[in-house]
Structure formats: C-alpha cells, structure tokens
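Notes follow the structure.
Per-chain numbering from 1; labels A, B and C assigned in written order.
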Amino acid sequence: MDYLLLQMLNGVQLGLLMFLLAAGLTLTFGIMDLVNLAHGSLYMMGAYIAWTLIGWTDSFVLGALLALPVTFLLGVAVEAVVMRRLYARDHLDQVLATFGLILFFNELVRVIWGPAGKSLTVPAFLNRTVEILPGVPYPAYRFAIIVVGAVVALLLAWLVARTRLGMLIRAGASNRRMIAALGVNIELLFTLVFGLGAVFAALAGLMAAPLTSVKIGMGDDILIVAFVIIVIGGIGSIKGAFVAAMIVGQIDIVGRAFLPDFLKTFMTASAASSAAPAISQVLVYLLMAGVLIWRPTGLFGQRT
Amino acid sequence: MMSKLFGPATIAALAFAGLQPAMAQSPIKIGFVSTFSGPQAAIGEDMRRSVELAKEHLGGKMGGRPFEIIYEDDQFKPDVGKQKSEKLVQQDKVNFVTGYIWSNVLLASLKTVTDEGDTILISANAGPSQIAGELCNKNFFSTSWQNDQTPMAMGQYLQGKGVKSLYLLAGNYAAGKDMLAGVKRTFKGEIKGEDLTKWPDQLDFSAELAKIAAAKPDGIFIFYPGAHGVQFLTQYVQAGLKNTIPLYQVFSIDAITLPQQKELALGTLGAQEWVNDLPNEQNKRYVADFKKKHGTYPSYYGAQSYDAIMLIASAAEKLKGDLTNKDKVRAELKKADFKSLRGGFKYNTNQFPIQNFYIQEAVKDADGMMTVKTIATALTDAKDPYYEKCPMK
Amino acid sequence: MSIVASLRTPRGLAVALLLLALAVLPLLTQAFDQRYLLSIGTRIVIWAIAAISLNMILGYGGLVSFGHAVFFGIGGYAVGILGAHGVVTGWIQWPVGILAAAAWAALVGALSLRTRGVYFIMITLAFAQLVYYVGVGLEAYGADDGLNISRSRFPGLVDLRDKTSFYWLCFALLLGTLWFCSRFANSRFGFVIRGAKSNDLRMTALGFPVFRYRLAAFTLSGAFGGLAGILLANEGAYISPAMMSWVKSGDLIVIVVLGGMGTLFGPLFGTIAFFVLEESLPPLLDLVRKGWGEYWQIAFGPLLVLIALYARGGIDSLFGRRHG
C-alpha cells in the first residue's frame, strides 16, 4: 500500500513537471496557432541560465527566481526576432523554422557553456527525505516539485479563468479574429503569452535540473512527450494539458513499476523482462494514437 | 642502341631513388572518428586531447615519418559515422582509422573500412560481441575491451566479496543488455530484480528507486554512461539509498562525469581496465601532462585513444615508416609491442586485448579534485568470452 | 509540352543539366579518382527517391507526415531479416520490402487520415516511434546496434557490390520514380489529391471520396519510401533503427520544403542542396576560422529559419513560376 502510494506520488511529480512544459506549449499553440519545436530549447536555456545565476548568487532559490525574468526576456526576444513572423504561416514553415532554432540553441549552449554537462545540487534544506506517511520516506526535493507544480497549476487556472489576460487567452484559443476585432493590442498579447510560456518552460527546466543534470539537448528528449501531452489533452486547452500530463505521468510510472510483474503472470520471466521495457517505452505513443483514433482533436480539443 | 635501351630505365631508377626520401617524408595519415558535437561531445573532446598529447609525446613523428590526424565527427549517429569513415578511407586515403565510442557507429563503419577499403581499424572504445566473435576481422584491432568484460570483472569482485544479492539496472539498448549479461556471467548470488530503462530519453528513476528500496538488495549494479550516470547517481542519493544500499557501476562514474557528480560519487566502486593511478612510467607521464594541460584527469576513453596512437607508432617504428605491406603492418600490430598506459597487454586471436581489470573507488585527491583510485585487481589476463567463435586462429 | 520545348525554360534546362550530370557522375568520379563523391552521389539519389515519395503526400496533398523515415526502416529490415534467414535473392527481398512498407502505410493512413493539422503530424510521428522502438527491441537482428547485412543478389543481372553498377541502378530507379510521380501529379487521381489540399470540402461535395484517394496516395508514398529503404540498406550493407529516427523524418521534410513542395523536381533539388550544405558548411566555416567547422549547426539552424521565412517556394521557385 505504501509502495503503491509512493509510486503514485512519483507519477504526480513527473506529471506536474511535464505539465509546466506542456502549458507554455499549448498556450502558444492555442492562441497563436504556433507549432514551436524550440520550446524545449527554452527549457534548456532556463536550466543553463539558472545554473549560471545560482553560481553567481550562491543561492539556489535566489538564482532560480532570477532565472525566470531572464528567460522571460529571452522568450520575448525570440518572439520578436523569429516567432512573430511565423504566426501567419502554415505549420510546416513553423516546424522548419523552429527545428532550425533547436540546432542553433544547442550549438549556442556548447559555445557558451562548453560540451560537458553541468550539475546543480539540491539546496541543502531540501537535500533529505520527508515522511509523507509515518515510515514512508520521500525525497524532499521531489516533494517540493509537487508543491511548486501544484501552486503554479492553480495560479494558471486562476489566470485563465479569472483575469482579463485569461479571458483574452480563452477568446483567442477559440476565435482568433474575434479578439482582434475587440481592439486588443494583439502583438503585445502574443508577446506576453510567449514570454509566459518561456517562463513555465524555464521553471520546468531548472526544477528538473537537480534531478537530471543540465545538458545540451536536454529539452529535445522531453519535448516530444510534451507534444504528446498537449495532443492528448486537446490543443489550446490548459485543462486538457493538465489532465493529460497527469495520465501520462501515471502511465509512465505504471509501465516501469508494475508492468514487468504483471506480464510475468502470463509470460515467462525472461520474455516479460524483455517485453516490459519495450512496451513501457511506447506506452504513451499507444495512448496518443488510441485517443486520436477515438477523438481526432484530443480529450478537450475544439471540435471542428 | 644500348644507350637507347638504358636511357629510360636509368632515368626511372634515378627518379625512383630520388623519390625514396620524399616517400619517407610523406605523412602517415590517421583518421579519428568520434563524437565532437551534441551532448556526448565531452567524450570526443577527452579523446582528442589524449591523441594530441600522444602526438606531442611522439614528437609528431612515427618511424621517421611525420603523421597527421584527421578528426571526423560522427554526430552520435551510425550512418554519419559510416559516411565519415568512408570519406577517410576513400578521399583522404588514410593508413589507419581509429576512435569509435559507440558500438552501432563501429558496426556501421566496419565493412566500409576493413573490407571495401582494406584499411586497418583500431577501436579505441566500442567492443561489441559480434566483432569479438563471428565478425572478427584481420583488419580490426581493439585497444579497449569487449563489452561483457568490465561487468564480468565487477561481478567477479562482488562474488568474491560475498555480496548476496544485487538489483541490476541499465539502459534498454544493446550495450545495456550486454552489460547485465556480463555481470550475471560471474556473479552467482541472487538477482533481486532487473530493469532495463528507457534509452536514451529516461529522465526519471523514481519508479525504479522505489522498487529497489522495496526489494532490499545487498547492492545495486548500474550501467549508465555519460549524462545518465550523473542523473542516476543524483536521484539515488536524493532517495536516501546511499546510506543503505551500496552502488556498483561500470562506465557510469569516470573522469568525464565526476566533475558533475562531485561528492555524491564518493566511495562508489567500479571496474575498469585502466585507472589513472596505475603504477607505470608512461601512465604517470600521460596523466601528469594531461592534468597540467587541461586541469582535469583523463578518462579511459582518452587513455585508450592514446594507446591506439602508440600502437600504430610501434608498428611504424619497426617497419621504419614503410606501411605499404599490410601483412607486415598487421603482424607488427598484433605483437602489441608498445608501452601501453595500462602496463602492457597481449592480443588474443580475435585481436582484442588479454588484460587485467581493476576495481576503482571514487575519491578526492590531495587537491580536493574528484577522481578514482585502484583498490583491487578483479581479473588477471582476462580473455573475452567470445574469442572462440572467431574463425581467426 | 515536348522535351525540346521544355529545354528552353530555365527550369527545364537546369533539370536536364542536373540529370545529365547525375547520369555521367560515375565516369567523372572514376576519371578524377574521387570514389567518395560517388558514394555521396549514391546517397543523394536514394534520398531523392525518398523525398519524392514524401512529396506525393506532403507536397501535393498538404499532409505533413512526420514519420516518413519509418519506410527506410521497413524496406531496410525486410532486406536484412530475409537475408539473415538465407533468402538473399533480391527478387524476393525487394517485393517483400515494398509490400511491407505499403501495407504499413495503408494501416497508418487508415487510422491517422481522420485527423487534421498538428494532430496528423503527431499521430504519424507516434506510429513511426512505435516501429522505431520495435527495431530497438529486435535483439535477434542486432537491436539498436544494428546489423551488418549482405547485399541483395540479382544473379546474372547486376552485382550490387560494384559501386558503379549500384549507382546506375539507383539512378534508373530515380528516373522511374520521377516518371511515376509526374504521371501521378497530372492524373485525375493527383488532381483530387491536390484539390483536397486547398479545399477538401469542395472535393467531397464534388463527389470524390477524398479519404480513399488520400489513403491510396499515402500507401503509394509508403511503397516508394520502402524502395528507398531497400536501396539505403544495400548501399551501406548495414541496417539499424537509427535509419528511422524522427530526426531523419525531419530531414526529409526539410529537404522537400527546401527544394519546393508540390513540384516534380523540387525534392531532387532539395536533396542535392541539403547534402551539399552538410558537406560544405563545416569546411567553409573552417576557412573563416580554424575550428569553427565543428559548430556548423550554429549557421545551419538560422539558415533553416531564413528558408522557412523567406524562401517559401523553395529552390524550384528560383526558376520562375510553375506551369501545369
């Protein structure tokens, strides 16, 4: 039972981390209709910038907090230089251009920070385990990710549901022309939303950094999963991204924690141990294919 | 009439004589294929630094001839590695191709270099079982090891230590499976569990660590090269397992990863065929010069690359720089008559080294820099388990 | 338009010269002892076949398939797996490879053509990843280490080990693919596919079963992709899951866009440009300053951005507007 709870928590933590990444992606997608493959690069830049700032300030929390506005500015710059020109284009041009940006950012990082990865140590006050239930220890840092992730998710929900910006975001996701007609400064809105997405990506990147190390291409690995999440959830839907991230987080953990034993109930041990990793590796793709066959625009996507 | 007959022949003879010294001065060309871009570029960089150091130690000459190294980036992709090898052989017409970190890049390039180009390939790292066994080739030499050997050394040591049970973890790819198979060849205790994790995109080990904590093994054996080793170790320590279940590793804690793993790695044991403190003169010089130049310790990737250059140099010396007769070159290489950084080794019939394996511990040196030091010899004059499948005798 | 007349247009002339150059490439590389150039040439021709096959659905049909490299893998593994079991004759290997690729394309198409836009991009990627990881799991065939294979045999006809004959075979197949593609584009079938790209409701209203037409096009495209995979496996005498990684699918898209989408010769232009850039950027940057060559992607990335932003018609549009 404790074990089950522990694994579920692991799934929640993973899901929340991926939600942060997916949130920015689904926002830019829903409002600007922009396929941004370079979102993973912002995740990476967030981690590298945080690494530098944490080194300067000698404080994890301070450095991390400073990294967020810096990545916001970076996001705004990227938006102004490249993205702005892509909104009116078809998805193919966007894929091509943002694929180019990935190559650029990966090499840029190598020029600035060198080819070897960097490591961020967990801040001292989190470098221990907490007892979530009597006798069930859980790494404090992972627990902190859950807390921060949940707070940000709530904040985002409030932002989208209760504020003027949120109203525009919702309006933009369902009908782009309408907000233009309302006389809103679209350019400013788009820039802000893109910057916001960059901040979420950076937050995910710098929070993941002490677990995964800071390395070139770290965003490329996770980007495809983030795309899978927003597609399952339905593009443009924050709620969809959240639900899908939670599902994907749980499925990933289940595939790794329980699948081998489950397969052993009806397969030989050696067949099960070679089949389980193969299946868990493709589980999210199977899920996505299944969802799309069932609902071609995802769980919470706009029907056409 | 006589002069007419003599004329051209004499001219040819004179021309030939005149060409001889020029021939001797034309540089020996060595192609070096490794990863110089992307997340794994740190390994390629370590290898290149060692090759450059070897060049310096040789004074830029082997067998009286100057030599040049042509570096090519495989981008961590087998097809690109194959193209680059092809370019080296066909366009640059190199005498040797060496380098190769990854098994799949090596396997993709093997035939192009050894069969179609009849060029000698010296692997400075990758050692897939196929090439040790049925795919062994007269033009292929290794200055590293065969994949199974290092984990076999680790397993042997743990067996001798009386470790009762292990939990095994590796990436779900060919080398990962080889490594787990290797440790199981020599470790006869209980395997409490075995996980092949997503490769190369696994970020999170929380599920596996929770399983390990529940299984309560005597030790954990891992194979996570490069950045993954950093990731696993961090999460292992954070989960609070370091105080309860010791970690044993191959290729997961080394000079490339230690600058990032830092104190987290302290006390962790691993196996390797070369360690930076092996007590021989050439090794002391190599490590000292490397440290002076780059401020870090070299890794086994670098040491094996250095050895590859020195192996080539030994053949070139014996043949006085004349590499035209490939049979002679192969015969000289096969003697492995050079001062290897690991203190010398012999070649087996499949042209993989017969060598010792050591157990190393992650420690801090006198200056507070993280490194590894030898604590035991796990295997002596070990042969890989595949050489009998090799048709070469 | 007759061949003679088309030679007078800049595009016709460029294509004619290009094909002529490709046709005599082995003679040139032999004369100048540049065997490596012939290897690059062979790869260009094979990749061009794959790019043309992707263009059938991406260019003409407007369907962004992000998993086209999977057909490289299916074709290649058909050769490798049959070869490993002693079936070495190309007369069996090749049809099996092409049919397997077509069958997989039909299945994926049937499931994914119901979705649109980004959903279609992602579902094709998902299916490609599925096959990729199956390849990684195929331990009997080398898993991710890949497999050294022996080349397909066509006794008495052609020896694929001979680089020159292999090149000419690939070149002949490229011409065949181009011919087929031009027939395809100008047929009623191609008309529906192209019409549905801009307005599939209208096509449906006109009474065309758009879904079935698209499925057929997707299947054909997969079959030619499989052919390219078969050739690629024979070129390197090696197969591995890396043949079908998503980056390769991305490269194919870049090639098609670079050359000019929905044009007959665009994919060929694109392939040549892509390979030339890849081979020449590093040495060029090295000329600017020694050591910069390794960082060539820092130049290549922005180049892609510029192409996406300012060169929409691709290379093909440099020759003026298309006709027909």
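Observations
Keep this in mind: contacts are C-beta pairs under 8 Å (C-beta built on N, C-alpha and C of every residue); 3 or more make two chains touch, one makes a residue touch a chain.
Note that the coordinates shown come from a computational prediction; the quantities given were computed from them, not determined experimentally.
If you draw each protein chain as a dot and join the dots that touch, every dot ends up joined to every other dot.
Between A-B and B-C, more C-beta contact pairs are found at A-B. In this assembly, the C-alpha centroid of chain A lies 33 Å from the C-alpha centroid of chain C. With centres set at the average Cα position, the gap from chain B to chain C is 36 Å. Contacts with at least two other chains are made by residues 136-137, 139, 295, 297 of chain C. For chain B, residues touching at least two other chains, in rising order: 37, 172. Shared interface positions of chain A, defined as residues touching 2 or more other chains, are 106-107, 110, 274, 278, 281.
On the side of chain B, the complex with chain C involves touching residues 36-37, 73, 77-79, 82-83, 86-87, 90-91, 103-104, 107-108, 110-112, 128, 130, 135, 172-175, 177, 199.
On the chain A side of its complex with chain C, the touching residues are 29, 35, 82, 85-86, 89, 91-97, 99-108, 110-111, 224, 227-228, 231, 235, 274, 278, 281-282, 285-286, 288-289, 292-293, 296-298, 304.
The touching residues of chain B, counted against chain A in their complex, run 37-39, 41-42, 44-45, 172, 194-198, 200-201, 203-204, 206-208, 210-211, 214, 227, 230-231, 234-235, 238-240, 256, 259-262. Within the complex, the chain A residues that touch chain B are 3, 6-7, 10, 13-14, 106-107, 110, 114-119, 121-122, 127-129, 137, 139, 141-142, 208, 210-213, 215-218, 221-222, 225, 252-253, 256-257, 260, 273-274, 276-278, 280-281. Interface of chain C with chain B (complex): residues 34-36, 39-40, 43, 136-137, 139, 142-148, 236-238, 240, 242-243, 294-295, 297.
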